[in-house]
Amino acid sequence: MNLRVGIVGATGYTGYELLQIIHRHPHAQLTWATSESSAGQKICDLYPGPYDTRLIRLADAPLSQADVVFVCLPHGAAMDAVAAARDAGCRVIDLSADYRLPTTELYQRWYGHAHSQPQLLAEAVYGLCEINRDAIRRAGLVANPGCYPTTVNLGLWPLARVGVLGPQVIVDAKSGVSGAGRKPRLGSLFVEVNENLSPYSIGYTHRHIAEMELILGPHVPQLALTFSPHLLPVNRGILSTIYIEVNADLSSREVHQIYTQAYSNEPMIQLLPPGQVATLRHTVHSNRLAIGLTPLPYPGRWIVTVSEDNLLKGASGQAVQNMNLMFDLPEVSGLI
Amino acid sequence: MNLRVGIVGATGYTGYELLQIIHRHPHAQLTWATSESSAGQKICDLYPGPYDTRLIRLADAPLSQADVVFVCLPHGAAMDAVAAARDAGCRVIDLSADYRLPTTELYQRWYGHAHSQPQLLAEAVYGLCEINRDAIRRAGLVANPGCYPTTVNLGLWPLARVGVLGPQVIVDAKSGVSGAGRKPRLGSLFVEVNENLSPYSIGYTHRHIAEMELILGPHVPQLALTFSPHLLPVNRGILSTIYIEVNADLSSREVHQIYTQAYSNEPMIQLLPPGQVATLRHTVHSNRLAIGLTPLPYPGRWIVTVSEDNLLKGASGQAVQNMNLMFDLPEVSGLI
Amino acid sequence: MNLRVGIVGATGYTGYELLQIIHRHPHAQLTWATSESSAGQKICDLYPGPYDTRLIRLADAPLSQADVVFVCLPHGAAMDAVAAARDAGCRVIDLSADYRLPTTELYQRWYGHAHSQPQLLAEAVYGLCEINRDAIRRAGLVANPGCYPTTVNLGLWPLARVGVLGPQVIVDAKSGVSGAGRKPRLGSLFVEVNENLSPYSIGYTHRHIAEMELILGPHVPQLALTFSPHLLPVNRGILSTIYIEVNADLSSREVHQIYTQAYSNEPMIQLLPPGQVATLRHTVHSNRLAIGLTPLPYPGRWIVTVSEDNLLKGASGQAVQNMNLMFDLPEVSGLI
Amino acid sequence: MNLRVGIVGATGYTGYELLQIIHRHPHAQLTWATSESSAGQKICDLYPGPYDTRLIRLADAPLSQADVVFVCLPHGAAMDAVAAARDAGCRVIDLSADYRLPTTELYQRWYGHAHSQPQLLAEAVYGLCEINRDAIRRAGLVANPGCYPTTVNLGLWPLARVGVLGPQVIVDAKSGVSGAGRKPRLGSLFVEVNENLSPYSIGYTHRHIAEMELILGPHVPQLALTFSPHLLPVNRGILSTIYIEVNADLSSREVHQIYTQAYSNEPMIQLLPPGQVATLRHTVHSNRLAIGLTPLPYPGRWIVTVSEDNLLKGASGQAVQNMNLMFDLPEVSGLI
């Protein structure tokens, strides 16, 4: 018996990626998909593929016919759609930022407007599979992590959890353009992006910093993050080059062991052998996250290179990994 | 003494390209530049370059302080701006389609709305330099040719003018994305174009066919054009692969001679040796147009490959070539 | 019970693509993989992925432990490897051109050297699934079709088989760079290809013409093919824009019906609705082939747009589709 | 009267770029150009452009007919070619690394082989125009700087020279593929680079570090550089995102003033207004270098973004800027 899946907001890049995964998934099937702007049209009128599901408005969606609902709306807009699906008894995976931060205060601070669903926010589980697996299994509402934070949090988690990550963390991140969404904007035009590379929101301004502080902060006293995203002329993929200090006298071998212990049984983490660096090519079009560890000749200083496909492990792939956990399916179903 | 140049609509891709050429030009200087949407801002607020000219509205432009005015507005909008500049006594080069077709009827048929300046239309000279050089020198108003037609018209003109071009002409054209303009549209987004190739308006629907018929038609009885543009994932450049029949019993050497005779003194035409094909790389970032001639093993049938930079020989470069002609400057000034 | 698969030449682009499909395939598993130049290394030393199969030399490969052997060597080199695998009792799918042409004479003419295995050549079945399905099921040796011919043959087959395709066929094809293989060559360097578009081997010189004449020729008297490939700055995908004449008085609706009748049950063919054109995005990263039909305003003349992923339907995907047919597996297994 | 220019090694990317600049230069003309591998061919046989200079071997080059010789050979090979041109009485600009480091010991340490011309090495001037202008004017031999070091040295020089740059400098650099040269290598193939991003030689291993230590080291006690280059899927351009500490209690305004004082009269430096970051688009296809300054919320910490065209300000453009200085021409001649 297949899981019945509803997708709210199926026409953005993450929504469509999700729809494609669900179509390949051996234990799930699409029940309905919504779009406010394209209701009445078929998916294949919007994307050059073979999917002829007809889109409906959220107000017309038979919510309760879905076992699980994925919400792929922009932050702000997702909040109430999530609540509606929960009210209808569905388990929900929200791909927006609306339920990622633990308190309404924190949400207000980073996103600049109030949260309309404080009770639901309290109930939400942060869906970073490798770290929160048990809570995810039981969750009614999973907040799927942001694309950039997934690279940083999984890239540094092994060191953070054993308390050896130093406070100065510099993340120089580069992301493909699908991360900017499918809305026509000057900055996303081909001619503006192609043959270009642009830093944006560098320093300490990008909202995704909040999720990094959320996961790493409790384990790193005085954490001082610097986060510099760059818009990269590729469709998909994030590479984060992370400059860290390890605050203990650890050998290269010991640092590698810390990662091996953390990730040796993780199906979606590809820990590279010593001497290798992660590239986009390691992970694009897969749900894996690749990690490379490079020591510097300065004591305790390392470079961690982390790559993922921003639409898969950074969004829709991880969302399905969460679904698999929530419904006791093999964690990798539909993802390889 | 330098020519004083005004640019109407300086913030689109052709307007900005023109502005850059004028800045390099040894005998011209920018006097004013307009933008309705960005008036009050400096060019360097909009484009990452060193140009700090402040944009003004067209209504505020001191038209008569310019010797020559380039109009870089969309078709329809250009019509009256051209008239205003002519009324102020300027010589005008219009980069839109508004003055390219000889009659209001033809304009109405292809562009779907009436022409507001029939007298000016009658006066306009079609600015294909290599063909209309004398008329351009004397012109008050030059209609700068379309990007695609320039490749087709210059690519086939030598055969057409001596009456040996057959009626069946198939143009398979591929254009970089700057040809679609700088307006945010879904179809121009990086993710939609990159790693893709899309035919559009193929067959006999694209408006640029009118300019091909205008130039070639009088020399080719029963001309039956097929024109298939494709959107190519590059910033700049057009390659037209043209399938033709030569309606006479000409040897390969004779066909080459026909081209050599037509173009041997043309500074902007690069006629390739027998056996070579034109590629984008031949012409991108230059004002040249490259032509390659490939015989087929079927009698009288040839493939003509033509390339140009759509923003230079296909738009702003040719516009400056026209300016040079109009003001008795060396034809290549500012263009090499 | 899983099919046991051997891959000869697993480190080129088609070999590696095949290996990835086999890893995902629910009814097949990799038994061994060879590379002469990289024997002793693991796949993941050569490609940034998770595959740790160690490569062996062909001479060391336990041929008979495989039920099916895929040969992914260059033409000329494949010939004898195929024979060795057949001698060991394996069923073989050859992705090279060595067994595609029916006679040694034809092979000699197009490939310029003799064929060393005339008997095997006589036995080989041309693996164009949609056309030769029954013969493929029974075949010991399948010659997997060329990438370009698959677009042309499947794009025109419906018309050819009912005898209404006219002799003049012009194919303007554009291919991603993976089609040129993984061997370092000047013409495949990033800087040479990016922001460029190059016609090559245009007219009537490319070897793939032989396969088009093989399939279409028997149904089209006096077939006169023109074939113009272009190197496109994308990784994957072929788009063929084909200009044809239909030699009968058929309405648009009738032409569409001819295609619908041919392909309505084909899982890998996406026949687009009237008015749509095929783009790369329709098929890249899938095993589908998309076909669009555009009438011209000239009686009997049409443009057929066809796209496929050159590494999937144009090579390794079609090879697996052939394997599925040969071993009575669902035809789409591992391919969606 | 024009300068007579000889180019040794005209067929690599830097050599060809140089040749194009010389062709546009109002006060210079090409006298001869060499290539060992392509001697006898014309430039336009190798590159799709209009240059028909016939290449000769270095041994056949009339060295003394050139006023200035540019050497565009790989390091190691350049050493003796430079000496030959100096012996013939030419002033020389070497674009290789052979004369950039001040001592044979340092050269040996970073490049792994001995230097054959110790006297010449002692005489060479490091050609970073903005810093060594006076010495360059008088120089017989100029060592043109490396592409990466130009971004780092010019990006940090204002702070270093006034003694306020702290020792910890992290450079996260991204370079277009032309920086890897025109030699066919697997890692430079289109399919390997496109849709990818690869860190390489990260940490403290890349040879260009020596040039950064050469310029900045004397002004920064205990300088501890980390340098992480990445291969970027664009043809041209370098963006360096540099994380620094300023070891004094300077306000944002004061830091900006330090840069303004250093660069306000520099024609090739584009210092961006506060709040702006440098992008590739700021400088590609120009000889400018753009600098953006972004303060961090951590006291004394800044991000400096620097971009240049690696073939122009990072190689051949700066070489011509050096030539202009050496021969008392306007510094920007041929470069705008």
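As written, the chain order gives the labels A, B, C and D, with residue 1 at the start of each chain.
To be clear about the criterion, a contact is a pair of C-beta atoms (placed from the backbone, for glycine too) under 8 Å apart; a residue touches a chain by one contact, two chains touch by 3 or more.
Only a predicted model underlies this, so the values are computations on that prediction, with no experimental measurement involved.
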item	value
Pair sharing more residue contacts (C-beta pairs) when A-D is set against A-C	A-D
Maximum centroid distance from chain A, chain identifier (CA atoms)	B
Separation of mean Cα positions, chain D and chain C [Å, integer]	46
Rounded Å distance, chain A centre to chain C centre (Cα mean)	37
Inter-centroid spacing, chain D versus chain A (mean Cα positions, whole Å)	40
Of all residues in chain A, the ones touching two or more other chains	192, 194-195, 233-235, 279, 281
Residue ranges of chain C in contact with chain B within the complex	170, 172, 174, 192, 194-200, 202-204, 224, 226, 228, 230, 232-237, 239, 241, 243, 277-281, 284, 292, 294-298, 301, 303, 305
Residues of chain A that touch chain B when the two form their complex	13, 177-178, 182, 184-186, 188-195, 233-235
Parts of chain B lying in touch with chain D, wherever the complex brings them together	23-24, 48-50, 195, 270, 279, 281-282, 285-286, 288, 290, 336
